[in-house]
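To keep things simple, chains are lettered A, B, C, D and E as they appear, and every chain counts its residues starting from 1.
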């Protein structure tokens, strides 16, 4: 296990809302090795972001991590004090967010926001921080970094901002980078740029990456291994090739089938009927059974466990 | 920026024009000042002569254009109470009112920023509830009542501050508090809600994900952003603030415009009322422009749009 | 689409320039050239897909067709009549046959109205149905899009995104339109829901002989539903062709890059992409000559100076490029 | 057709928060009880309204009945007080409690009616201004700017001095000076609602401007109006007090809290109860209305609703 | 009391660097330095320290020489005055007969001046020599000396005004009085310094500050904290508090002001009926008003000519009628057994406790079945209606009498003047007043006025309520006695 950079065990994060407790992340386990890219896919609201925020220690009230362990290089993050955790953030552990448009503070310059990281974690003075910021911007392929460093976020395009976010996340050479839908808000051609960049940096720095997305195309392109989530749980986990070649869980199968593909013409797409269950009102048994074409009585009554169905291929289904 | 300034100055013109109409109508409907200007024993003939002399026998629109024309030359008529041109009398009072209004604004700011931040960051804590309650209280107390209470407590009971009048800085404290409390209450609420909204923004999460200490997150990243809307909304309070001086100045016998206005209205000294309303409106507009400029300084996004 | 091709909508030289003032005193005003001279024809019964990156003018085009925006220039001919020359009343009747499905299923339904009222509104406005007839028609429409009569009394917030989109479709169908403009109808939906809506749209087209203009930036979806596809870049159509033709032989460098940039959901097909450098230029200040020259990997001098025009190369395949690909 | 539509529709109930009609009320009540301040606010408002409506039944004395011999009696718990006048008497020997009870009528009446007048003007102009834009908008907004530049109290001072104070003029003047606030807010909301797709959708189906304004825009902007107007009722009550100070408030024998507070200020140092109790009544009422307003803002704010989902 | 730690210069009245400073707070600022264009007692109360009259009244209201040293009547319409020599204005100009001529003829001829009505009786001022003048009146003027010792008679510097202009005078007024203007900050304070050149006794104070503090509570607070030495117009309810306070006391004194109701006798009004008027009078318990609202600060009266005035009818002073039962009976006799309705107009905030008084009167009237609709108006509105004579049945107002003569008390009751206001007309009264006005036989004149007062008390076009007291709060460090005319001659005020 020492090879594993990050080990998440039975993570449970709940939101106590007015209408009841939302178990957004409900016993999720996975691991990321050094230099590995792990993709987490799943539909909106299945708990991807909450999982990543839990790792970062940034779950805001009314949310709360209520169980599990998160081990990063031998340290249980959940056992750390706030201060210790803060020192890890932006340093060993960093994150980029979905919305490059809103993730940068509009009233400070790029250099200011980027330099902050160096000043906080590397105790640099303003000048050094600036120099390093320019270097970092260069690194993520921002042309004219000397000038950009003094501009404000709104003067940059979405793609540029996402690069700034990446520069910021990689500033302290983190061991683990969490990218929460880093390209969803971007256009296709810009998305391609960013994905290429991430690939390159991943190779260069040997950073462990958790890539969160709902785009299976991006997963196929980028990931080494894949975790599929549904309603706060992991339903399938495998290396990227076996997952696409032989999906075991009906949800994964459904997802793959419902995608229109560029290289084939079908009159009609497969589709998963219904929609994601209300987290406050989870069905008994297998959470997917109301939408599952192959559901049986057993699925309605008992909850399947995540089990190894093939070598290094886990699935949460009685019939996988 | 220069262009912006020119633009805003040009925008004032129609507003001032509309204000001139409002002021004129206000004064016009006030009826004739003649009877107040005449002595008890004046005859009807005296009356007619005076009316003609004042041009009050002409149709309304003629009167308005004459009023407008005079006004453009800075002539708001002659105060019959002081028997002097109205505008200088009003302007003479401006510094006192200015001093009071600025002091009140400082009081409001000094109170509201820390309280607003505290209650937003410690949302739903005891402190938050206390601050909310206090700010409602602050708004619910009419100026005259608060002013008298402050005098009774600080001046009469504890003898720590002077009662009234304008003089050194300590004369300013009680009236500034009286005037500033309501604004402070309003601002506290605003800062709190603005702060709450900002604290939920993505870039705050980004700041935290960089491992910044909470102080920097709150005071650097959140505060500046949350002040942006506050500035504009506060500028709208200028008119409330100046309105508040009417009563505050009367209570503290502060020789400013507020007292002047009240007395002018009471004596139907309409030239003064006209000039004062105009000066006040002008001040409010200017302060709104200043707020806009500040807004631009605080928020770099605006400059380029 | 063979010989029976009958043009339903013809767009000629359509332009929309949004003015903005550069300064109070400089007389000079700038324009966002949101749509900058677009021509195309939509034939009865087909689906024309429009793809392009954010801000390239897709929605603006759609809104002009629906008369929600007034074109700065150009003509829109619908069912053989020039919409801009018609009187108000005529436009009103003609418009019944033009409908729209919106991108955001959350903002396109009035949160204060019941489903019944929403779907009935077009019927009410045009006074086509009354009383119990109206109700029956609403039920029928809801059935058509896969909803149930008992949903009628609910408010939009009680539905999921996919269901809301169905309500929007029902509303669009109420007046028996011949043309429906779908402005990114699935991009706000979850992956597993997208296919439901796409399937529904296809089914309805078949049953009701509808014509669609399908706007999207997700290429796979556009490909799935369209017969022909127009690719827009910065307010202009750069390429327009039959679907399969376009995907097999993209002739504009932008189309080529776009196709290459789309990630394929198959890890075995990872490929070298053509990654375009730089960002989409600002439509308020578009590059001279060919708008694409700043990012084009094959750029030549002439591209910087003269703008190419949309010309038909092979039959039905239009491209706007000085050096179309595959010509050698 | 592989879509099992039926199973899907069956799901709808559990997916969307299936709330049926009576449930909505219950939900509101539950949300109310969850908010402590909201509940307190509502209770206070209910008590005040009750007081106003049943004043003649619950007030122990005639509020205008003077008893020279009983002047300035302290509240009953103080030395010299008597249970006959639980909150003491004023300078003319009138019962403070009864006057406060009757005063609630005027304070509420002024508050509610003035807001109604202001709201009616403001909403109409705001709708017109926001929806039609252009010159009309410009004209209305410049008028709004002009009104905003003149402090309300100044306006009221001049107009009331001229017309002479009466309940009707007071209400009209308060309404006439406050409409701008609504016009601004409603216009802003209209501008944003106007751009929402459902308005576009209404236009594509051929709905007229009138229909769009009244069935699509108005219902969606009315909630901000409700919130702002609630808070305005509170500020109006205070404004009436300030006007009383200037001698322009409600005239006797009608009792108003503002009038009591203003008259009683001369006795603050000697007979504190005369001014303090009406002050407390104003404060509590304002507090209640504001709490209620804040709560309304929370539940009526669509963003809040979205978050609650 | 302890001094507030405030700014020494502005609040502390006590001696600093040995200067003797007196600070007086009143409710309003002076109106103007145009002594002819105001009719404001509290303004005159300040002016008397800067300007001198030809003759002045002492604390006992006896006429004493001032700028005139002697005087005599030449005939019924001519008075001769000998002027004091060697008197200098504050700017150094010498005081001469020209100044008197300029001053008195200005107010006697310019009908735009507010005091014109009180001086138009003067036809001409004749300069006999630089220190002798003759005042010639249109008709016999029995009260000329009273006229000349009151508001509007302060002598102005004619040379200064002619040279520098009236505007300059208004900015830098100059008189002959014991104090000269140092600074006037409007609505804040007016500072006088002593005039070392004063012809009379040396001024007693180095500096006198008149502060204007409109809010009663603030004025009282200033007194209690030692911010001022004298506070004018103390609300009755604060009197006890000031007495109880260490270092302050109160002084009360009668004034020339009488609160009254003016009733309409216009045909068609309910008050046309004398029984109704009498009922109103009998329904009001004036003593109760004085005791309860004014804390005893007043004297019920049935005449406006109170002691200290020429022509007082003491039978009517300090007398009051109160009999609600009889009032009811009178109403019944008048044909209103079930009561009647009328409108009572009154000021709000103009006179001491006017609002409360009106409210109490309303309550008292209600007791006998008169349902009075109370219309309280703020002064400017009241004044507007008053001048337009637009009141309904009854209005409440207080009049002063700066002339100290009965004639002024009747000025609104002649058939001519009461037209539109009370519409009272009594030829007998008209004649009495016309005779009295120019009767130089003082004894006879007094009789005429006494009779007139009885007629009014009987017919009640006016119902007099009470003579008002003036309430002052005074610091214990000084001696102060209120004057009947409410003037504040600061040299009558001394340090203890």
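Note that contacts are C-beta pairs under 8 Å (C-beta built on N, C-alpha and C of every residue); 3 or more make two chains touch, one makes a residue touch a chain.
Keep in mind it's a predicted model, so treat the numbers as computed, not measured.
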For chain E, the least number of touch steps when starting out from chain C: 2
C-D or B-E, whichever has more C-beta pairs in contact: B-E
Separation of chain B from chain D, taking each centre as the mean of its C-alpha atoms, in whole Å: 23
Whole-Å gap separating chain B and chain C, where each centre is the average of the chain's CA atoms: 52
Distance from chain E to chain D - Cα centre to Cα centre, in angstrom: 47
Centre distance in Å when chain A and chain C are each reduced to the mean of their C-alpha atoms: 32
Residue numbers of chain E (touch at least two other chains): 217, 378, 380
Touching two or more other chains - residue numbers and ranges from chain B: 31, 144, 148, 152, 156, 265-266, 268
Contacts with 2+ other chains: residues of chain A: 268, 270-271, 273, 275-276
Touch list for chain D against partner chain E, complex: 64-66, 68, 71-72, 91-93, 161-162, 164-165, 246-248, 251-253, 263, 265-271
Chain E residues within the chain D interface of the complex: 216-217, 220, 235, 237-238, 240-241, 288, 291-293, 348-349, 355-356, 358-360, 362-363, 374-378, 380-381
Chain C to chain D touching residues, read off their complex: 63, 66, 68, 92, 95-96, 98-100, 102-104, 107-113, 121-122, 125-126, 146-148, 151, 154, 157-160, 163, 168, 171-172, 174-175, 196, 199-200, 203
Chain A-touching residues of chain B, taken from the complex the two chains share: 201-203, 205-213, 216, 220-221, 224-225, 228, 298-301, 304
Chain A-facing residues of chain C, complex: 53-54, 160-163, 190-196, 198-199, 202, 217, 219-221, 223-224, 244, 247, 257-270, 273, 275-277, 279-280, 295
